[in-house]
Amino acid sequence: MSRKIRYGMVGGGRGAFIGGVHRIAANMDGQIELVCGAFSSDPQKSKDSGADLYLPAERCYGSFEEMIQKEAALPADKRMDFVSIVTPNHMHFPPAKAALEAGFHVLSDKPATFDLTESKALVDIVKKTGKLYGLTHNYTGYPLVKEARDMIKAGKLGKIRKVVVEYPQGWLATKLEDSGQKQAGWRTDPKRSGAAGCIGDIGTHAENLAEYITGLHIKELAADITAFVEGRALDDDGNVLLRFDNGAKGVLHASQISVGEENNLNIRVYGEKGGIEWHQNEPNTMLVKWLDQPMQVYRTANGYLGKNAAAATRTPPAHPEGYLEAFANIYKNFASHIRAVIAGTAPDEVALDYPKIGDGVRGMAFIEAVVKSSQANAAWTKLEV
Amino acid sequence: MSRKIRYGMVGGGRGAFIGGVHRIAANMDGQIELVCGAFSSDPQKSKDSGADLYLPAERCYGSFEEMIQKEAALPADKRMDFVSIVTPNHMHFPPAKAALEAGFHVLSDKPATFDLTESKALVDIVKKTGKLYGLTHNYTGYPLVKEARDMIKAGKLGKIRKVVVEYPQGWLATKLEDSGQKQAGWRTDPKRSGAAGCIGDIGTHAENLAEYITGLHIKELAADITAFVEGRALDDDGNVLLRFDNGAKGVLHASQISVGEENNLNIRVYGEKGGIEWHQNEPNTMLVKWLDQPMQVYRTANGYLGKNAAAATRTPPAHPEGYLEAFANIYKNFASHIRAVIAGTAPDEVALDYPKIGDGVRGMAFIEAVVKSSQANAAWTKLEV
Amino acid sequence: MSRKIRYGMVGGGRGAFIGGVHRIAANMDGQIELVCGAFSSDPQKSKDSGADLYLPAERCYGSFEEMIQKEAALPADKRMDFVSIVTPNHMHFPPAKAALEAGFHVLSDKPATFDLTESKALVDIVKKTGKLYGLTHNYTGYPLVKEARDMIKAGKLGKIRKVVVEYPQGWLATKLEDSGQKQAGWRTDPKRSGAAGCIGDIGTHAENLAEYITGLHIKELAADITAFVEGRALDDDGNVLLRFDNGAKGVLHASQISVGEENNLNIRVYGEKGGIEWHQNEPNTMLVKWLDQPMQVYRTANGYLGKNAAAATRTPPAHPEGYLEAFANIYKNFASHIRAVIAGTAPDEVALDYPKIGDGVRGMAFIEAVVKSSQANAAWTKLEV
Amino acid sequence: MSRKIRYGMVGGGRGAFIGGVHRIAANMDGQIELVCGAFSSDPQKSKDSGADLYLPAERCYGSFEEMIQKEAALPADKRMDFVSIVTPNHMHFPPAKAALEAGFHVLSDKPATFDLTESKALVDIVKKTGKLYGLTHNYTGYPLVKEARDMIKAGKLGKIRKVVVEYPQGWLATKLEDSGQKQAGWRTDPKRSGAAGCIGDIGTHAENLAEYITGLHIKELAADITAFVEGRALDDDGNVLLRFDNGAKGVLHASQISVGEENNLNIRVYGEKGGIEWHQNEPNTMLVKWLDQPMQVYRTANGYLGKNAAAATRTPPAHPEGYLEAFANIYKNFASHIRAVIAGTAPDEVALDYPKIGDGVRGMAFIEAVVKSSQANAAWTKLEV
């Protein structure tokens, strides 16, 4: 098929953050093309934002409903293939539902929805429509995260016993939302963010990473979440004990008040025979630990890595790839899956390697379990989907 | 006073580990002299062990009782000043009690006693006898640990909100105790180790470090401890949620089954204005984090450090000091305090900076609270002394 | 101007490495569009390569001459704005000359030309044609490299005294070129690589980085270069003493036989008041050192950085950016400069911040000086342009 | 033999630095005893200094001559076994000569002597007297340095091709000697330090470390040394190209004006099959690099290390040992050798593993070659002993 995959964007107008990230991720490999957008609920702002991106005015829509309706009416060789959703959390479900039901694939920013109920509804919609649904749990896009997952799946670490996953940030250590900072604004607002703040925004990434790498499910958890900054409605810090379905134990903690921490998502997993350690802020290094042998330093792009890590890599060793490339890997695999659907062929393993609605539901269930547990003074609470 | 401070050792005969560490710590500064010992309950082994150390046979005793009795009978210019106790946990209290009551100061390996009851009894004995009692929570002997404490005390980080303290090891990931390894043997044996394994052996170091640095007390905790290795009677891993008396929250986890981890005690503390991070395995570096300024790297022995850090340092920057020097700082300060007592003068701040029976009681209370909480499925449990 | 900047590529067909990097760099920000290419001297391979990139067959040319001629004949709203040259070294000059003389701007992979003579000729051509010429000394595209330069320019480190710049790799530690590996093949071939191997391929990056950051020029050098792998015609390792025009001294060493090194370009600069240290393999961290204060850790994307670093950044702190983003910064600034030229406005400081032909000439002069010095047993040799 | 080895110290009175280090090193293992000293050329200061160390006044001498004479006259069971020399460089040779000729073993601080001529004379004296002579090139005392040496000796890295050894410090970046700082004073004074400043003080450590680890000899060198601080008589920075006797090449640079560097001696060695990297400021970690396998992280005290590293280790993994322990290893091995001499038995391999007069001569030859080369504008100069 000699054409790029086409997409339209919901959200991501001037002044937004994550929309720009999605566009870079889509641009990177030259396989995907932005053809339209509902960048803002203000039609003029949507047009202006689209003009910045060299889009024709007629494909810059004033609402996602308009976009979906008008794009659906375009000829097949012109209309978008999928919708990318980059709005705040409360606006994830409506456009996803509308797009899927209109026959478009959907790639959504995380968390999947505003609450667990919505995410379960989305499961049914995805199933019913048969369209593809991807979720940008982008940290799973890193090559060494894939390598860790593959090593554990292959049994190299033995049965997993312990998981420590952390996501410390410090940017909300003061009441930044009062300054008018847009990112802080909606993330600390229960109406737009959901039942949790820190836990919803970044705790879910930690949960997703732990389950992705280990292949295990969190069975139950005991959580103690806190809003440290006076007057803040949602948690800005949370500490969680974990029990996994295979008997492994763990700790998950996330924070937005850990002064001086930037975006240090990291994970350590220990099995009976070995362990791994990975830090998102130095993502091209993974420490691999053994019972009686020296620790090894796995590095992105080396020949000793497996095929999934290799497929997620664009440059040779120590030509560092980062956050945008990992994000782009979600887009790349999602687009490959769409190509297979269009071609009517079976997608390969790599094309299928992106987070889906099932991950989204588990993320929402995690948020609900954490909030419920914390309200019950850290009582053990099942993570049920 | 122109003489060295003299001590006798209980335990630490041939084949022991921690006894040798104590002797190096005592030797290091040339201020303290080993003059006698009850190195083993086997009198011949005690003599042989003492001979290795160039001690005369007549001061190598077959029991601590004998040592205390005979040393007490020696003239003042010859007898030991203090007793160093380096036996397994169940044998800490009896010689401590006997030595104190016979008029000797005591420097004991941690934990202070076998259980909380004993440690409370020891409080009374120390009080009653007026003798000095020190506890080798040696990790507080590091210069940068002292600097962290002093920075927090001076308010540089603002009100403390969050503490993450970890003590991962991997050496008990297999059933090493079955191999006859002596250190593994007693540490996994409830009769010699106490109510907890990993939590007693190393979790207490984490607890002590967190309280020492922050100046806070753990108010209550929720713990989930596990014996992962089949057939092991005591925990080899534990995850604990913490609540401090000032409202700060935290996580403490310790492990002896984290494959590939050596002895990586580490702590992060976050206040309203700044944070610190310190790792025992690179002890001469401390990261200091700020709201809007670049992270700083504090390094041992530099002129910008405070007087307590300076007093705990023997060499210039990047002439790395380590575990033995930190341990020696406990001995050094304890000996300085004894010198002050002998001289009848007031000890200075540095001489008083070593862990005491109060730390010991809190350690024992921590162990008991963790075990109790874990037995109650991680119910919040007060740490009461 | 509401359109993307358009470019055509010379080289970079199927199987090439650096061509793909250039395309990603051009794609990333959605400001630049690939519209044509002479991807291979084999016309069919050029067409196939272009088809992979969704280009129409009629704009996939069989030679750069054809491309330049036919594109020049296209209407202004369709033809390319600039040519990107990604061929081996011996094929840099001819298309650059042809493109410039046909009125196209040029962005070339480094080194600028095959030898110093060619690069001096290119200076004249650039001058005469008035077209823009950029050179992808991509490592100067990193935000913290720009910050280092700006700090030094502002005098924060005081007068510069010492520079240590290293570029160790290990990928040519064995005779890889004999295996048919394409990258190894041309780099070790004097006919395609030029007078130097390692020094030309990566030593020039080190030279460029040192001069870019310090704002100094290397005045003279004493070099000892070696071909360690038996049968290799060009150097695979080189050690160079440096003297700068302000009296500073330095060391530059580059290697392709340093087993286990990936691509560890790094630099340390020391002035009278402070120093900086930066490693390309962890490019989002820069150590800043002071006389009497703790070392600081500068991190990409933080508010304390200057405007040039900020302009070269796409994501928040610890959403790591890497090699491709740094590369893209060259493309981005070059395209901004072209936009200014098209608009007839003055480019801003950021748009001008990319390596130019002057850097290219210095790079070629460096190579010639190193080779000459080494042939004279490391005699001091001027770096003259 | 049931007694400690006894020594007397020359130098190291109140206010000195390295004397205290030697005493700690000697104390550490409880095998060596300070019995006398000529701590100062001022007899009263010598007595006062000795009193601080609990020595009887009659064994605190006013000169090394007096010490040697009077100690020689003491009965064998009382007199010192060896002399430790901790004076500035110009005072190394005289007491060494006197002690050896009086029948005492000598352990001297480095460099061995004031100049090459003296060191050659010392070779003859050592030979003639048959006494032991050790030199505290203490950095060879680190366990991982020994492991590196043993790995290379065993051929694990293949034929060595490249060596990079660095010794950057920053403490003399300003004219500290003018402030009265004692350490800065003699080190920058040609009368007390010798022909070189930085190169003599720390460059020799780098030279010694490179030769110790690789087992190679530097054949010739090209050096460019500089006194950056105005008015300083001796070099405070030096850059040196190296050629080894097996054809390997290298770079050595040392500096005392590299602002913010503490004491970062470090080395990288690359052979045909692998490489090692070690940094003195994190001495318990050594990176081991391979052609096609992940880098390994060797850590002190692990079971996978060889016997020489094990013999140089006192504590388990990540109970970090440092500078003082490495220093103590020189004392320990030297004392073991003395014990063997006393016992009339053959010393084992470990007892012989300390730097000797041969190392001292090479160090002095290195200094002279560097100075000579630099005076000849970095002409290649043989390192001849």
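Per-chain numbering from 1; labels A, B, C and D assigned in written order.
Criterion: a residue touches a chain if its C-beta (ideal position, glycine included) is under 8 Å from a C-beta of that chain, and two chains touch if they have at least 3 such contacts.
Remember, predicted model here, so these are calculated numbers, not experimental data.
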item	value
Chain whose Cα centroid lies at the greatest distance from that of subunit D	A
Between A-D and B-D, the pair joined by more C-beta contacts	B-D
Subunit A-subunit B separation of Cα centroids, rounded to whole Å	44
Centroid spacing, where centroids are CA-atom means, of subunit B and subunit D in whole angstrom	34
Where subunit A and subunit D are represented by their mean Cα positions, the distance between them in whole Å	55
Interface hub residues of subunit C, defined as touching at least two other chains	287, 295, 299, 302
Contact footprint of subunit C on subunit B as seen in their complex	287-288, 292-299, 302-304
Interfacial residue positions of subunit D with respect to subunit B in the complex	2-4, 17, 20-21, 23-24, 27-30, 34, 51, 53-54, 171, 262-264, 280-284, 299, 302, 314-325
Of subunit B, residues touching subunit A in the complex	157, 161-162, 164, 166, 168, 170, 173-174, 222, 224, 226, 228, 237, 239, 241, 243, 249-251, 253, 255, 257-261, 268, 270-275, 287, 289-291, 295, 377-378, 380
